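So that you can tell them apart, the chains are marked A, B, C and D in the order they are listed, and the count of residues begins at 1 in each.
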């Protein structure tokens, strides 16, 4: 191993009784496989070296070997917690280069599933974050189980829509693969109403709770300049006072039809990120309701159903498209050469950029704060390591 | 203008001090604590959501993507697979291997192997199948300690097809749903015309 | 600042840059102006948001380094590109301008073997330290054998 | 003959009762927590999981005992025992009914408090002997926390002592008898309720239960001081921890909830006592499963800046009232 060149901060007293501690890759709050080599002075972290790549599957090389018909079902494996949005980014990139039209119904279905997916992903975030702070043997586990209980409802919806609970393969170039089954819209409405009331319950448990506030407020502050320079996106960026939501600033898939708020908090700490996500829950549910109300009739795909592997060919060209995933800007830089496979694909995982903020903000905090900050960043290692 | 560096300890402390609530609002704190405890107490009297799985199997939705299987044709009771290898080519993790057996009336699959342990249940093989031969089942429990038992050959795939309940999706149904755009568009146009 | 103003400013300051498009603006600069262009983009175009940095292997035409930055206040997007030329695998590092370039350039080094000069900590990020070869180069076949458990 | 046998038999019985109680209290907690979290908890072993604690105990006994190569072996091996002994010893002075106990010392409460804070030695030995950085950090936190919270724990426990005017446990219980429960110290105006809250908070903290379980802190320190323990040694630590909590619950029931006083004939007294102790235990459990953990510096600040002054003032106020009443006040 090469010696890590870690930036260390100095405490304002002399002495160097430093302890190097490995947090991860197997650690209860590593959120997957993340290794942080911490330099500690007592309980205070003075330096951190993050090691990632344990889950690397070389998705970008894989994309060069798979066709536009095959890859969407693999794309869901990048961000497996919000699989719908990662498929979305890839499919949209191919559509942008090929100038394939997407029927209105497909666009609305895409919006519905992406927003439900955002709620599901945020539920998992809230649960795991509270578990990081509260422990599996404390109140955190309670909130975690409540969140999982509600997330199951959304997964049940997805299961009756596509037949799978985690990796969906719902998107295809030109539209979506599945139309809604009978009764799905009614059960979706019921679930959305139930979720709305349950989210208020989480807020009651956390919102003004002194234990929670003490852990979240003023911890892991990201200034606006740092946030932009590192390129973090999504709720983290909005928690740092930047009004930037791709659904609003760069609308795609008929997002301009819907009425929703973009929450912005200026404090930049863990609590601000929590607030942003809690508002996003509600806004996503609002979008789902609107989309269900206005779901147009019509075809779900502008292209014929898939019959063979090389059916979709994309003309020569290159593009970068981005969608607002649950964790931020999920981007796909696609270079097509006219064949059935991409020439090059770069996956901009939101978590990769978001995680890069850690070495900047962790030093100076206590060990216990690291897990709070990690949890508020909400990394998914499938997307970090790709 | 240089790129921002690591935050200093002084900064971290300043941030923390700026947001510190000194716990003066005792009434508010007590109320918040009681609110949280009331929430857990309320859930104490809710029905548990646990499903006693092996005793009470959960109901699978119609489109459930489970075990893969081969089916026989309904009327002739012949194997439906014609060994065209479309599923082999579309399979993203490349777990299907098919050899074709040429015959007079129609073709058959000479061998058909599926490495279920690497399958990712994306349903693309079902989607492309021209004869609805490969389908998915409403079951997933094939847990085993030996991954070799998950290397399925043609006979086992047919056996699974007889053993479990079939899901909704077949190749033709899926392609119908996605719809040839021309036909769907024509239908769509017709629908829009009728009320007008 | 609109995209058109930004284009005009780029044309004025970087005469040797090829500029296309407006959303996003795609600007190709020679490799020796790469760092200067990034500084210009951050300071004068206000593109403070660092989206990503990567490379494309154009086989015998060499590597192309691509970066994308945004101005979030005015919704201006800028694609920065530079062709390193055949056989060249060295490029100026943007870490002094954008903090986010740190991990992105490490990934570029990891996958393409591009040595980003001036990077404070250039080592492999996703692959293990003893990996041989640079996987995203077109010359690296998908089925390149490697010993297990590396 | 009885005189010789009793000192041997009584501790033996108490020890076994306590161990049995501890194993089944874990089941109680698991069931309670499960229902709070919309689960059903242990269910498979025996009807409704009633045999689960026995299965757990058997499993822990069968498990391989792993000792890390670099551990400080004597310290590592001794730690669970040093930890367990004080946790069991606290039951020595607890009377479960009038005259039913191992030894009703005249300094009973003092003995209880003194012995219960001895567990820190075992904790620290475990953390140090494991030669693990997580365990070491945890041991450091343990020392900080236990020392900080034993003071408010002692002060809040002394409030009923002052009210009763005796350190002897049976005297304190007797002082609360009568009046159909109104004599319980928790119903003593203002002081009783505040004292009880302070006692619960400091119990939770002194027993290292969530939200003050920073030394276990499995999301930061994996399992803290016991990260390297397995098998029977782990079981001993777990046993000690639960014994300590139950001991503290009994103490709380004795100090504030009138011990064995309750309706019915005299022989149901122990059952009342157990019920009250379990009530306190469930209260602590309820708190545990409702809140997120707070940070080490915040815990220390809470103790030294809020809880310690508050309990001290409360104790002072109690003393003043008692003296005032003794001198013919209202």
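By our rule, a residue touches a chain if its C-beta (ideal position, glycine included) is under 8 Å from a C-beta of that chain, and two chains touch if they have at least 3 such contacts.
Values in this document were obtained by computation on a predicted structure and should not be read as measured data.
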Could you quickly compare A-D and A-C and let me know which has more C-beta contacts? A-D
With chain centres defined as mean CA positions, report which chain is farthest from chain D. C
In whole angstrom, the CA-centroid distance of chain B from chain C equals 37
Where the CA atoms of chain A average out and where those of chain D average out, how many Å apart are those spots? 43
Computed distance of Cα centres, chain C from chain A, in Å: 24
Where chain C and chain D are represented by their mean Cα positions, the distance between them in whole Å: 61
Listed in rising order, chain B residues that touch 2 or more other chains are 3-5, 23, 33, 36, 39-40, 43, 49
Among the residues of chain D, pick out those that touch two or more other chains and give their numbers. 36-39, 289-291
Residues of chain C that touch at least two other chains are 98-99
Could you please specify the touching residues of chain A with respect to chain B in the complex? 7, 9-12, 44, 46, 66, 69-71, 73-74, 77, 139, 142, 146, 149, 152, 156, 159-164, 167, 169, 172, 175, 177-179, 181, 201, 204-210, 213, 217-219, 221, 223, 225-226, 229-230, 267, 269, 271, 297-309, 359-361, 363-365
The residues of chain B that touch chain A in their complex are 3-13, 15-21, 23, 28-29, 31-33, 35-36, 38-40, 43, 49, 61-65, 86, 89-90, 92, 120-124, 127-128, 130, 136, 167, 169, 174-181, 184-185, 188, 191
The chain C residues in contact with chain A across the complex are 24, 48-52, 54, 56-57, 66, 68, 72, 75, 79, 98-100, 102-103, 111, 120-121, 123-129, 135-136, 140, 142
Per the contact definition, I'd like the list of chain A residues that touch chain D in the complex. 19, 21, 27-29, 40, 42-43, 130-143, 145-146, 149, 205, 209, 211-212, 214-215, 366-371
Spell out the part of chain B that touches chain D in their complex, as residue ranges. 23, 33, 36-37, 39-41, 43-44, 46-50, 52
